[in-house]
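Letters A, B, C and D mark the chains in the order given here, with residues in each chain numbered from 1 onward.
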Amino acid sequence: MRVWSSIAIAALMLVMAPATADELQPETLHVEKVPDGPRDHWIWIGDLGAQHNVDTRAMLFDADKGKMLGMLSTGFWSAGVLLPKSTGNVVALETFFEKGTRGPRHDYVTVYDPRTLLPLHEIEVPPRRMTALVQTRMAGLTDDDRFVAITNFTPRQTMTIVDLQKNRFVAETDTPGCGQIYPAGPRRILLLCGDASLKSMVLDDNGKVVKQTDGKPFFDPFADPVIVHAVRAGDDWLFVSLAGYIYQVDASGDEVKLREKWSLLTDGERADGWRTGGYQPLAVQKKDGLLYALMRKGPESTYEEPGDAVWVFDIATHKRVAEFDLANATLAIEVSQDANPIVYGASMKTVVPYWSLVALTLLGQKFEQLDVVKPALDVYDAKSGKLLRTVDHVASFATSLKQP
Amino acid sequence: MSAIDKWMETFSRLLARQSSRRSFLATAGAFIIGVGAAPLLPVARAHAGTGEEGDPTRCDYWRYCAIDGFLCTCCGGTTSSCPPGTVASSVTWVGTCRNPTDGKDYIISYNDCCGRSGCGRCTCQRDEGDRPLYRTDSANDINWCAGSSADIVYNCSTAVLMGVSTGD
Amino acid sequence: MSAIDKWMETFSRLLARQSSRRSFLATAGAFIIGVGAAPLLPVARAHAGTGEEGDPTRCDYWRYCAIDGFLCTCCGGTTSSCPPGTVASSVTWVGTCRNPTDGKDYIISYNDCCGRSGCGRCTCQRDEGDRPLYRTDSANDINWCAGSSADIVYNCSTAVLMGVSTGD
Amino acid sequence: MRVWSSIAIAALMLVMAPATADELQPETLHVEKVPDGPRDHWIWIGDLGAQHNVDTRAMLFDADKGKMLGMLSTGFWSAGVLLPKSTGNVVALETFFEKGTRGPRHDYVTVYDPRTLLPLHEIEVPPRRMTALVQTRMAGLTDDDRFVAITNFTPRQTMTIVDLQKNRFVAETDTPGCGQIYPAGPRRILLLCGDASLKSMVLDDNGKVVKQTDGKPFFDPFADPVIVHAVRAGDDWLFVSLAGYIYQVDASGDEVKLREKWSLLTDGERADGWRTGGYQPLAVQKKDGLLYALMRKGPESTYEEPGDAVWVFDIATHKRVAEFDLANATLAIEVSQDANPIVYGASMKTVVPYWSLVALTLLGQKFEQLDVVKPALDVYDAKSGKLLRTVDHVASFATSLKQP
């Protein structure tokens, strides 16, 4: 250790004087815990990592302070986090390959402590989880927070059940033709099927499927398909179609039925090409029964491109009660549930002002759209639509938002 | 209309608002029209004898009408081959695209190449006819590497010509 | 002078050349002076009673004079704490930075926080007194997570105040 | 497989007519091999992945065609590739954690087939490899291509030897105070030590260190340290110091000695703050004995910030024989060895023109420097300095270049 140790000792013995009263006091390095206090305006951002989807993350932000609180590294192409309210834990679906991008694959349901963000349990599950650009509804918690159901696709379609009380894998079940998962009761989940129906599955205390009920098709999957992201209002799930209709299904009975189909758009707006945009365009503010919809104008093939407006609907009357413009092109929205609700937007903020990009285009300068945007978190007052703040550099590619 | 043009449209609308709100630009309307009319992707060259025109390394190439991913043509592959070191997915989604040279509709299979990290070049999202995940035949959001021997690590997407469509 | 200001200087020189080569801007000289003079990082606020001024989430904060990495203050930590879920490195490099409030030089220990992917926020490279790798005591290029129980996965860097320097 | 299979069959049986003579013919999907032909203007770019350093890569480009040929995924914080000429193989230093960013660590020396880019051998080595922002000289090949030597740092300093003929780990040796590796003979390597000397180590046929010779300090590590990137010219290694001096050492004898110290700068240039910049600022064009140096102007603390000019020196006369400006802020350079040499630059190209950024700054608009640049590969004529082409989107964070 000849040379290194001499340098190391020099470093350790660096000439430091004892601190006097008017000098800054030496500090001790430690590791933070996630702070206590109200979480009304906290948000988990799911980061798909763009070309680095070997390295996806979930990032926790305090939207009031515009401050990052911590992050999880969730491995290859994660599906965001699940947030069981009863324990407060953070549950992530993680995939790893033994040699980064090659070698055997291992999938885990990892349960993190909400204060230390350290893994409490790493539950290995069959390495068959579905991965898609849409992160939403790839897994779901039963309403009692006991079981996690996960969509598998190899392309055989199956479902994995994990027990969050015993922290173990329960079973993998064939679910031919059915995939995305929508909770609908303490021990009940719905699966969205290719024939446009919702299949109901009830689990027993051991996580075994004890009752299955097929649903009837509630929309036309060819003429006007719904997107897989949907939101819950009471016992109902609200799906939105590419043509801007809400398919509101009643999930209270054994057989899931369409309650009603209503429109976000006037005929004129529909003719103009208005529809929802991005990957997570719907959010429900429960107390007032309001549906927040991320909107854009463009041909049907742009239904996953960023939206630039939020329209607010009264779910009971189907009336549009408010609307506001967004500051940045937005891929996902969420709304808080407190008395002073805020709307979160996962956006693609331009790195220089919009007008300068337009001016450059007019001057004949070329640049690539994706080169001039960076993911940001925009925070709006949910009532006035006023932009409260924008938090920069929140991810590489933020496609989902989840509120604790 | 390419994804970039389409996105520019969104930008233009955002601009219009900022402009009117802040009165920054007196001629906002002109700007928007100008952008819409600006030929962002003007390249169109015929490949002699191939019955195809356009640049397969650009998102506006005709075969990419329903693609969403990194173009393998920019990553060491071609429209019908995967880059060295990757594995081709065995199942995939298909789209129907019109070849501007002969005016015919062709079936295009967008097989993913798998087993290396995302190439990161020539990102292209066009989504014509793209359908949600439960329509597995037409869903470009699915990571189709799921069907490959390399499993789900996604590198880039091809656009393999399968044949002429007789209509649907 | 912050790393950003310094880099802007490089850009300005590149601009000057492009300008003269292409005669695009008649007033290139003025532009360069303008940029040099532009207060890119103007924030300077005193923390009452702490004997420190400046914003610890900004790269121009006095303690970061020799740092190179992501600032933990932007990642869920502070200048002397690691974000939740990470592990603090046990060995590290040190720098000597002058506190503008009291004009004294302090020893700063730039411990890395480890075990989560790179935070990616508040990238800051200042490198005052940084030395090549063989000068391990002063080398900020080394991934100092090497000494931590989490091993080499780097998340962010702290700037822990160790004491007053008596000079070197 | 009810619904899924019906949809799948629909997909497989898509109504396709047999191709006629004037229609495009159906194609068969296959996997490319790296093409044959001259590799004079091919370059491997080492990508540290910026915040995604779990997912580093090595990307191969044809600089004449501006075309990417393929890539390797090299795991966590790789140190670029080594290129044994005798086999043509590509050797990467790879690190993986069993759970992405946590769990046991595994280090490999992976040998890739140069045509298929598939792993031929994955040689596990002690998980102690040094990782640093500088990728250069973290490992080296003996001149006969038989052994790889790797720098370890935990922070104990050791060296790992791997046999590329038997494809196995040989041994780990203590190398206190010494680290970076410089080949200097068929079975000989030099290590750069903290006391500013180069230690010589000779290996036998089994990779065992059979002879060690300490060197004398050849520079002052406190007054004017050299950077660890160095280049070879015949039996000499050329190191550059922060003050712009070349320390040219003679590695032909057992004991490595300073041959001469010469200056890249006039006194006036030194006073103006000129020095080398970036992570890989030196390259040698062997035939003409020319040293290409990436230069910048700024205080000493900017010695790793991007350069914006290349100065060319005659190594024999120490005279500056040419210089040219770079199109973009550049972090690494390399030069080809053919009759029509080119200079490669790994640069940070602005996503919109420079002048527009300056104009925006003058208008009081704020933006972050790192937000408005993307890594590019610039290709210059080595004789005229003319920019031949710029290849965009070559990496997330390109810090090293290696020519096959």
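For the reader, a short list of remarks on this structure follows.
Following the convention adopted for this analysis, contacts are C-beta pairs under 8 Å (C-beta built on N, C-alpha and C of every residue); 3 or more make two chains touch, one makes a residue touch a chain.
A quick note: this is a predicted structure, and the numbers were derived from the prediction, not measured.
Once the centre of each chain is set as its mean CA position, subunit A and subunit C turn out to be 33 Å apart. Put simply, the C-alpha centre of subunit A and that of subunit B have 25 angstrom between them. The distance from the centre of subunit A to the centre of subunit D, with each centre set as the mean of the Cα atoms, comes to 38 Å. In subunit B, the positions touching at least two other chains are 91, 116-117, 119-120, 135-136, 153. Residues of subunit D in contact with two or more other chains: 4, 7-8, 51-52, 54-55, 73, 76, 101-102, 155, 178, 193-194, 357, 368, 396. Taken as a graph of touching chains, this assembly fits none of the simple shapes: it is neither a line, a ring, a star nor a complete graph. You'll find the chains touch as A-B, A-C, A-D, B-D, C-D.
Within the complex formed with subunit C, the residues of subunit A that make contact are 4, 7-8, 10-11, 14-20, 22-34, 55, 57, 60, 68-73, 112, 115-118, 393, 395-396. On subunit D, the positions that touch subunit A within their shared complex are 1-8, 49, 51-52, 54-55, 73-76, 94, 96, 98-102, 106, 108, 119, 122, 155-157, 176-178, 193-195, 351-353, 356-357, 360, 365, 367-368, 371-372, 374, 392, 396. Every residue of subunit C that touches subunit A in the complex is listed here, in rising order: 50-52, 74-88, 91, 93-94, 99, 102, 104, 106-107, 109, 111, 113, 116-117, 119-122, 135-138, 153, 158, 160-168.
Across the complex, subunit A meets subunit B through its residues 50-54, 76-77, 95, 97, 101-102, 105, 127, 130-134, 153-155, 178-180, 192-194, 196, 221, 225-228, 296-299, 301-306, 308, 325-329, 350, 354-355, 357-359, 361-362, 366, 368-370. By the touch rule above, subunit C contacts subunit D in their complex via residues 1, 3-4, 6-15, 17-19, 24-25, 31-32, 34-35, 38, 40, 68, 70, 91, 115-120, 123, 125-136, 139-143, 146-147, 150-154.
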